[in-house]
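Each structure below appears as structure tokens.
In the two assemblies presented below, chain A is common to both, partnered first by chain B and then by chain C.
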Partner chain A sequence: MNFVQVLNGIALGSLFMILSSGLAMIYGLRGVGNFAHGALYMAGAYIAYSVSTYISFWAALIAAPLALAVIGVVIELVFFRPLQKRDHIQVALITFGLAMVIERTIVLIWGADPLRVAPPDAFGGTISVLGASFPTYRLVLIGAALLIALGLVIWLRWTRVGLEIRAASHDGTTAVILGVNVDRVSLIVVCVGAALAGLAGALAGPYTSVYPSMGSAILISVLIVVVIGGIGSIAGAMIAGMGLGIVQTLGTVYVPDVAALVPYVAIVAVLLWRPMGLAGKRV
Partner chain B sequence: MSRSSRSCYGARWASPGSGSEVSDTDLRPISLDALAGAAAPRLNRRTALIAGAGAALVLGAGLLMPVVVRGASAFGLIFDAVMFAFLTMSIAFLVRHLGIVSLGHTAFFGGSAYTVAIATTVGGMGMIPAAALGLLVGVVLAVLMGAIVVRASGMTFMMLTLALGQAVYQVVVLQIARPWTGASDGTSLSYIAGDSFFGVPPDQVVNPVGFWPVVWIVFVLSIVALWFVGRMKFGRVLQGIRENEERMRFSGYDTVRPRFLAFVVSGTVASIGGVLFALNASYVSPELLSFFRSGDALIATLLGGTGLLVGPVVGALIYMILLSTLNSTGNLQLYLGAALVIVLAFLPTGVTGAIVTGVKRLWRRIRRKGPM
Partner chain C sequence: MKKLLIVPMAALVCLATLTSCSAAEPEPTNNAPSGDPIKIGLVPAVAGFGASIAQNTIDAWVYAVDEINANGGLLGRPVEIIRKDSDGKPETTLRSAREALNEGAEFLVGVNSTTEVLALTAQLPTMDTLLMVSNSKADALTGADCSPDAFRVNQSNAMDFAAFHDYIGELDGETWAVQGVDSVSGHDAVESFRAIIEAAGKTIIAEQFASSGATEFGANITALEQSGADSLFVVEYSADAVSFTTQAEQFDLFSKFDTVLGSNTFIEPLFESFGTGAVGVYGNLGWAVQDDNPVSADFAENWTQAFGSAPNYIHADNYLGAQTLFQAIANAETTDVDAVRSELEGMTFDSIAGEVTMRAEDHQLVRPSYIGQVIEADGKLVWDVAADATGAETSPSANPACKL
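Our next item is the complex of A and B:
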């Protein structure tokens, strides 16, 4: 029973992990906390809903990240790049405005009622995990998210672009001096970050259903994850994301009455223990 | 980390044309006198007298508002704007003096409003004890949140205040809190017959016109208090921290405690607004604490501009006008989000800042072409 709950937590943690690593990467490159990240996730979920209704779930898994990558490019070219000399707080507030616009636009297109997304037929049932039955789709979600996370780690750790992303996150000025083209790297990062948010949204559809406040709800969690992990730290965000997912899910089992407060308790506890977050200044 | 942490304090966009001489890289010991000439002139007897006379004039003129503004809807609009202005003013105070943007002030406004409601229903308290308790809880919330966020830099500060502000929302909508807060339904206040709030009976407290004198007096006093705090030596220390925190620290100033105190002062003003709001609205809902509410408060603040004391008040008024004209379509959020993007991209000093810049430019041109 407990193992199943831990698996549930890992499923939620996987979503947090993908979203918060995207947020942390964008923060590292542009110094901007992207408040539109939740809205991008929501957009991905709604686009995936339509595509999987009319075509198929598998097409949705491709269409949603692609559409969001395009939105990411637009955000980078229209806002982040021209405004990079401005105060970062201003740019972050602009993303807050964008979030409001995107969320309302989605409600105008798809309506305010929650929508159900059916998982593909092959993964519709349940599967036996150590004697307990568990929805197959959640295992798929966990597998997909872990694959994405692994790919992200390999990309960041062992490629030239990944090296440049880590360099720029660690010290932007020095990275520029050493010849890192921050504009180019930032375009890639915002594009990938937005696409991952879209993919997370598409994967989340059959898991959480699709509803108008899903963006702002997950944004709060992701912000908490990023602060717990140590702002700007991609590894910290991943670890904290998985940790918070598990802790929050176990919270709903053991302290159901106050489970909604678990993330807030977690963030206060971590900040009292390590004011710079788990990873401190490491990327 | 290092790249963004410094720029957070150099947030000069808040004040239009504040020609401060302190640069980001200059680490010589700072002199508060050097800052005094910039945005916050020293407080002397003359400025205090002028300001006092001005405040008295505004106070007197404002009390006549219900007589001057006849239409109930027009007056209701002004009343709502003043209520909302408590929130925008408190947010703007932190932007103006510290260059930090709080997305969590709804917690103080909404938290104190909820406390008043619960005190009157569950506690069976009269209006004045309930108001006192509401204010106390608002201040305690500000102290708690301030203690957590005070060391955070600009970007972390925004993320943390947004997240922690939502914690209060989550507490309120908990199912186990339903007997007190009504969970997602909200809860109504109950008034004791014959009770009075500084001479205003309950049936007049819920009536904007009847409650107006109390609201207006408290409002003007709050503005004066914020003005005074900004002009004190404390205000100049805050400005020094905003311009270059590192240099202030090297110069021997404690930079954590002033930031904390400023946060609590600001939270207190928001709480006062929450208390008055609850008494008048006689109903509180989780909406007061929601994600979009904090967005709206921020948008109203920045729309008005934070460089001038009156900026956030103008912002609140513009917001209420937009609310009354646009909300019928339900797309207010869309327009407000777009407005935030446009204002920040093209008009970073807000409407009042743009007016000030425009008037200054015009004045210079007139002087140059004039017969002198």
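Our next item is the complex of A and C:
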């Protein structure tokens, strides 16, 4: 097994992990497939590009998630909450339209040219890992994703808000009866989910580049991750995201002719084996 | 009495107003075009994968139309652009093209990708129009998929590679790795490269293709590093080219090869996005200013004055498309599609690319091509022209696969 390729897969999986956990949170609580998630990721990348250019990369890591959290507030209050009694397909279609509006707005502001985001100097170049040369920034991305995952797990498992989120995701009606303010919890979840998308975009800029179709390019993979992980399961999405990243990368190396089919084969295989996804309905 | 005066007074006021309005209109100059406008349907893909070149395309056509209108128009008539944007999907492009034609456009221009062009050419017989292709590289457009209603002014992949043919022997590198985009153009380019490499006695020892719009190239880059090749050939377009180059720089990939050569990969509109990652790479260059050609030099100078920077090859190719179309209409003395088509076939004229000919057998403009190396000058990336090839060298004969 080519160790550097496994590391490449872990880097890609790290990006999937951050993005998919936000999407899984929103789906788990709201029951809505947020087709605007890719556009939120793209918005985070572009905001981070501008903040990086004029202030610093570190400021961008704070500004992008905060900005996207604000957008999350708007999405929750303007779309999700008023439409919560509507059919979920209708709401999902609305998020699809929202994605197109966000993407077009971004192009109107920043233009259609791909943009380059340089990582901080300390994260440039390569580093030796077990004798192999590997880009430093990719290791930083992996580390950041693991920290974010750990933070999410601690937040969901050991805080009161996390308990309420899990309760509301599992059974919203009972949660309300037990005194959980589901509207407040939903607002928090959508904000955090959008912020995670923004943070993923900010981290992705130096990793890939920033370009107008970056959101739609990754959205299908992230949706597949959420389904494989178990719809509504954040832990499942994290594990599936990392797994898909590794499998997809190794597929590019060992079965290049059919590598593009790997995500779709994976989703069919997992659903045939475990129809509820890897983690079932566990949050 | 007062009422008797109101009507004639009102009439006098109206007459005075009308007279003063006519007097305020400027006298038409001898140069100002007049009459029904000649409408051209501009269908750029402003969204989607190739959107980064759309503005270049639009700027060039608007510039060409403004220029010709300032010089008396075409056949004494003003030229007007009817712009209908597309998102790069063939069905949208078809719809936009039809909308432009419904609004009176007589010719279609500015279409971006090969996929869109092929979708359009299949419908052209029902549209009573001609399509000027200025951006699409696939050989098939003037080969097996040629159309009697479509004319290409930019070089095909084969023409670019014909320019490489003699120069490849001067580049360092005996064993080559190839990174290509998994598309018609990408595979065309790799096959053309294979032919010239083998003719030069060199070999391709590794090749791989990535889907258009790929997020991550790490696996490809690591495979290229580990291939053992001493040189690299890259065919990635637009955002893929930037993503690949950005990630290649993370791995310091290019420094591991004697030569890095790109086909329509390292393009001027993206130089700022490449940063220093592209310094030292070689690539094909569709257009360069010909200092001994007044038409070329004037175009470069006037464009620079208008836009504050030199024109790139996309600007040049689309402006050349406009020159070609306008010349044919002027020669035909009509905008009748059949007459313009007849004029285009075999037309030779002086252009910004020198003397060029629209070959009748395959509707390909025969023109020179260039090889360049990306260098840094005054803090910016620019092309340093390393070699050129004439039209006779880039396209000595018509594509035999084209049956018009």
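Basically, the second predicted complex is superposed on the first by the 282 of 283 C-alpha atoms of A that agree within 3 Å, B and C clash if a C-alpha of one lies under 4 Å from a C-alpha of the other, contacts with A are read in each partner's own complex, and residues count from 1 in each chain.
Operating definition for what follows: contacts are C-beta pairs under 8 Å (C-beta built on N, C-alpha and C of every residue); 3 or more make two chains touch, one makes a residue touch a chain.
Just so we're clear, the structure is a prediction, and the values are computed from it rather than from any experiment.
Trainee: More residues of chain A in touch with chain C or with chain B?
Mentor: Looking at chain A, the partner in contact with more of its residues is B.
Trainee: A:R104 contacts which: chain B (first), chain C (second), both, neither?
Mentor: Touch partners of A:R104: chain B and chain C.
Trainee: Can A:L261 be said to touch chain B (first), chain C (second), both, or neither?
Mentor: The answer is first: A:L261 touches chain B but not chain C.
Trainee: With both complexes overlaid on chain A, does A:V226 touch chain B (first), chain C (second), both or neither?
Mentor: Touch status of A:V226: first partner only.
Trainee: Quick check on the superposed pair: does A:G179 touch chain B, chain C, both, or neither? Answer first, second, both or neither.
Mentor: neither
Trainee: For A:D87 in the superposed arrangement: first (chain B), second (chain C), both or neither?
Mentor: A:D87 contacts chain B only, not chain C.
Trainee: Give one of first, second, both or neither to describe whether A:D171 is in contact with chain B, with chain C, with both, or with none.
Mentor: first
Trainee: Considering only the touch criterion stated at the top, classify A:P212 as touching first (chain B), second (chain C), both, or neither.
Mentor: Touch status of A:P212: second partner only.
Trainee: Looking at chain A, which of its residues have contacts with both chain B and chain C?
Mentor: The overlap between the chain B and chain C interfaces on chain A comprises residues 103-104, 213, 260.
Trainee: Over in the complex, which chain B residues touch chain A? Could you list them?
Mentor: 1-4, 7-8, 10-11, 13, 99-101, 103, 148, 151, 154-156, 158-160, 162-164, 166-167, 170-171, 173-176, 291-292, 295, 298-299, 302, 331, 333-334, 336-341, 344-345, 348
Trainee: Which of the residues in chain A come into contact with chain C in the complex?
Mentor: Counting only chain A, the residues touching chain C are 2, 4-5, 8-9, 11-12, 15, 103-104, 107, 111-116, 118, 125-126, 133, 135, 137-138, 206-209, 211-214, 217-218, 221, 249-250, 252-253, 256, 260.
Trainee: Going by the contact rule at the top, pick out the chain C residues touching chain A in the complex.
Mentor: Within the complex, chain C contacts chain A at residues 46-49, 51-52, 54-55, 182, 208-211, 213-216, 218-220, 222-223, 226, 238-239, 242-243, 246-247, 250-252, 269-270, 272-275.
Trainee: Using the touch definition up top, name the residues of chain A that touch chain B in the complex.
Mentor: Touching chain B from chain A are residues 27, 31-33, 35, 79, 83, 86-94, 96-105, 108, 170-173, 213, 216, 219-220, 223-224, 226-227, 231-232, 257-258, 260-261, 263-264, 267-268, 271, 275, 281.
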